[in-house]
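Listed next: structures, encoded as structure tokens.
Two complexes, one shared chain (chain A), two partners (chain B, chain C).
On to the complex of A and B.
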């Protein structure tokens, strides 16, 4: 129930401001890099979008870690779903009206809805969490980056509408390529889990920032692999490199996570196999 | 560039009805007997999962049934009724199967710890609550309350979906349906989480003292949904 930890804020070795910069700059650089380099170099560059999404996911997981440490009363998953719910609304709006500035517009409007929900949570619902407003802004914006990043790596562009030349569709947009096909549901769950799961899995009195963030990288890599699998069947994005890099990031971060789990565990002992029927009698 | 003010003025009814839909979802969540993790261990009354999962399960079923009805008719009443009934059926099945697990699996009688007598059946409750628990299973009042809640949620969800789909725009139909559904799902999640913060994660139904807090969540949902509805209507109306 009350999700882990006392009231006092989580201890962090890496300051949150650095992680915010990592999420915003890394996320937008990845998204824009994928969008332009797919046109200029080759569809293989679509993997940059998923790298941007991982930056957003790690940022979101870090913000969830900070706010959920106060005890939300509802379990951690709710806040991850809230992030992606706001992210979807802001992304649809941002990409539809923003054109080439779409990801930035989506980010700003996600932050705006996050601000409103954060203020409402503290002022109207009396949750009384001091960093609620800042955290809601961060979580919502991180959700938007995750959605735009994964969409971009799936179809190779973040433009909302199909590019039509002489009545022929030359490039699918997010509307047809991601939303109508239903891949958005995959993004919703894969991105949402990647943001909410790291803290949910690691919470407790011995929770450590580096272990939680290693888990976030690992979950982001899984989302990246899934985006790569989708990209293999879309024309303007190529999935092979996305899947390869995703598997590499997954392997590195999972090894790191496993090492940190062993570091933080009080004791590790092999339980052996289950006793046989004879031994039990 | 999109004529934002023009779209808002033209589709103001849609914005208002989408906001109303969000408020209905928020109100509906207060009726659903959410037990959270303690209920999963039969230590609290309600279904053993979080608000968001329950609301999403019932709400998405409502969207599917509303969408299916939209295939065959464009009568608003039928579409919204279909969404409402779909969500109600889904939550009933969830609660019934959960109840079987509690009664036949865990072996505990459904009992509420918040009231002495069930407000509907007038059965004594406190005698059947195991020591050290906050009740267990889904007593009749919670069951009925859950059906009402899912009905309100399904009503709200299908209203959002219907009024998003009645915005005039130049999108191909398949794209339009995809965007409207995912937008409705996004709004559904936001409006399921806000009341869940309001009730602190668990509630037994309309007889729970926490139920009286609902005006605060309804106000919060109203503001948040209104903002989101403007963005949705501008985005879809401008396409």
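On to the complex of A and C.
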């Protein structure tokens, strides 16, 4: 049904390969940047992790847009939740076994789970969406980047276990700092909605790529602000800069989004009646 | 804990949950979220442009989970800095409501802009009037869910942290609002112009009621209608879920002995069974009283 997007692939001004590169390189650069620069410069650098997460979120939103354009309709929210579900499993596994290579292991592991889910969806459930397998890999990997990025931004490191020197915990790891405290719940849902909401909010036959991606930046900025709120109470991450940059990105991307809505809408009216019969014909 | 004290806490939790359920349903009705949304989304395509707020922040469970998780996270951050509980829960709910407001606005303006070819106008006064209402209901829902979660952790020694518990209760309240309250808005309010109980004929798809008692119908009219029955019934449903799930373990406390734990499970199963039988009876009685398509059958017979 065209109310759920036209079938036969989305029109994109920016090719998906560029967005994949943006998501993977930007995401990993942000995560590693935050991890090392927090040690070398100051906890203020933890905001880089959230910037990496925004790169992953934009990538994920773009992948959701491509696959959901085949008429997924009400399946759009489900696919976003699926992405973060895979992302959580991959992140826990990747960070626990990967050490310093943790984010990369998480990314690869998420892509593998995404591959299995994509093949199952197409071959067993017979969904028959041509780009299903590639999109599931992308969405799962983007979800993993969003989770690792937001976690790093919250506690200043992506190490899974606490760093213990002489029996004293000197730095909290993701396991105790993010998962035991329950903040993983807000990462899951804020990251998940940031990935699924942009396409869901712009659902319709006249959806445009730039508008959807502007919304993805805006929702990513909200996730960044929340990560900043949590970072205010963790010793190795600083929340103030993260919140400030998050608010700035939110403002810029929301203004851009509203500008694009004004460009695309049929008519913007302060108040008023419905279009007349003649107008509709 | 004293059984009487835990019963009191449970009653408080049930009351908070009832308010949360009612406000959750009304919040989704103002923005026509969840199931009724498909017809609101479809209407312009069938040449029925409307003045109804089209807010689709995914389904109700994820969007309420987001509000409650944000509220729980902010509150837990504030409480760990030593802020008072009341202040922490309030500020957490305010931040959650504001963020929910941004989600609502982006989905209304985005979806409307994506319906350009169906000539659906974007009404700015709808944003100005509806978004504060949505945020107000979102605040009440989040606050009540946080109260339930906080009581569970401090008074009932639940092992989960606040953000996670709030997240889970957020999904629960969204799921109940979606299954209980939506029926009232979707089937009865959007299609008041067709005969009661006639189902949704394909020819009526998208032909939702767009005119109100005076002027054009909007989301606030819909929440007014739903506040008469759909909202309160959602509140009672969610309050019962919270109260009865807690009640079985308060009366049969598993921490006293293992036998008590099994008795709690049996009590839960009995409650589910009783409610299932009762619901079945209501359904059969309703069908007898109103009857599906009686007229059609007579015509076929004749």
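Criterion: the second predicted complex is superposed on the first by the 266 of 281 C-alpha atoms of A that agree within 3 Å, B and C clash if a C-alpha of one lies under 4 Å from a C-alpha of the other, contacts with A are read in each partner's own complex, and residues count from 1 in each chain.
Here is the rule we go by: contacts are C-beta pairs under 8 Å (C-beta built on N, C-alpha and C of every residue); 3 or more make two chains touch, one makes a residue touch a chain.
These numbers come from a predicted model, not from an experiment.
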item	value
Partners on chain A (chain B, chain C) - clash or fit	clash
Chain B versus chain C as contact partner of A:85, first or second or both or neither	first
Which of chain B and chain C A:215 touches, first, second, both or neither	second
Partner chain in contact with A:170 - chain B first, chain C second, else both or neither	neither
First (chain B), second (chain C), both or neither touched by A:14	neither
First, second, both or neither for A:244, with chain B first and chain C second	neither
First (chain B), second (chain C), both or neither touched by A:261	second
Touched partner set for A:100, first chain B, second chain C, both or neither	neither
First (chain B), second (chain C), both or neither touched by A:74	both
Superposed model, chain A: greater residue contact from chain B or chain C	C
First (chain B), second (chain C), both or neither touched by A:183	second
When the two complexes are fitted on chain A, the stretch of chain B hitting chain C, from 4-12, 76-84, 130-138 or 220-228	130-138
Common interface residues of chain A - those touching chain B in one complex and chain C in the other	2, 74, 77, 81, 180-182, 184-185, 188
Touch list for chain C against partner chain A, complex	38, 41-42, 45, 47, 49-51, 56-59, 62-63, 65-66, 69-70, 72-74, 76-77, 80-81, 95, 99, 102-103, 106-107, 109-125, 160-168, 210, 216
List of chain B residues in touch with chain A within their complex	2, 36-38, 50-53, 56, 171, 174-175, 177-179, 182-183, 185-190, 192-194, 196-198, 200-202, 216-217, 219-220, 223-224, 227-228, 231-232, 234-236, 238-239
Interfacial residue positions of chain A with respect to chain B in the complex	1-2, 72-75, 77-79, 81-82, 84-90, 92-93, 96-97, 109, 112-113, 116-117, 120-121, 124-127, 161, 175-176, 179-182, 184-185, 188
Interface residues, chain A side, partner chain C - complex	2-3, 74, 76-77, 80-81, 180-186, 188-190, 192-193, 196-197, 200-208, 211-212, 215, 218-219, 222, 226, 229-230, 232-233, 250, 254, 257-258, 260-261, 264-275, 279-280
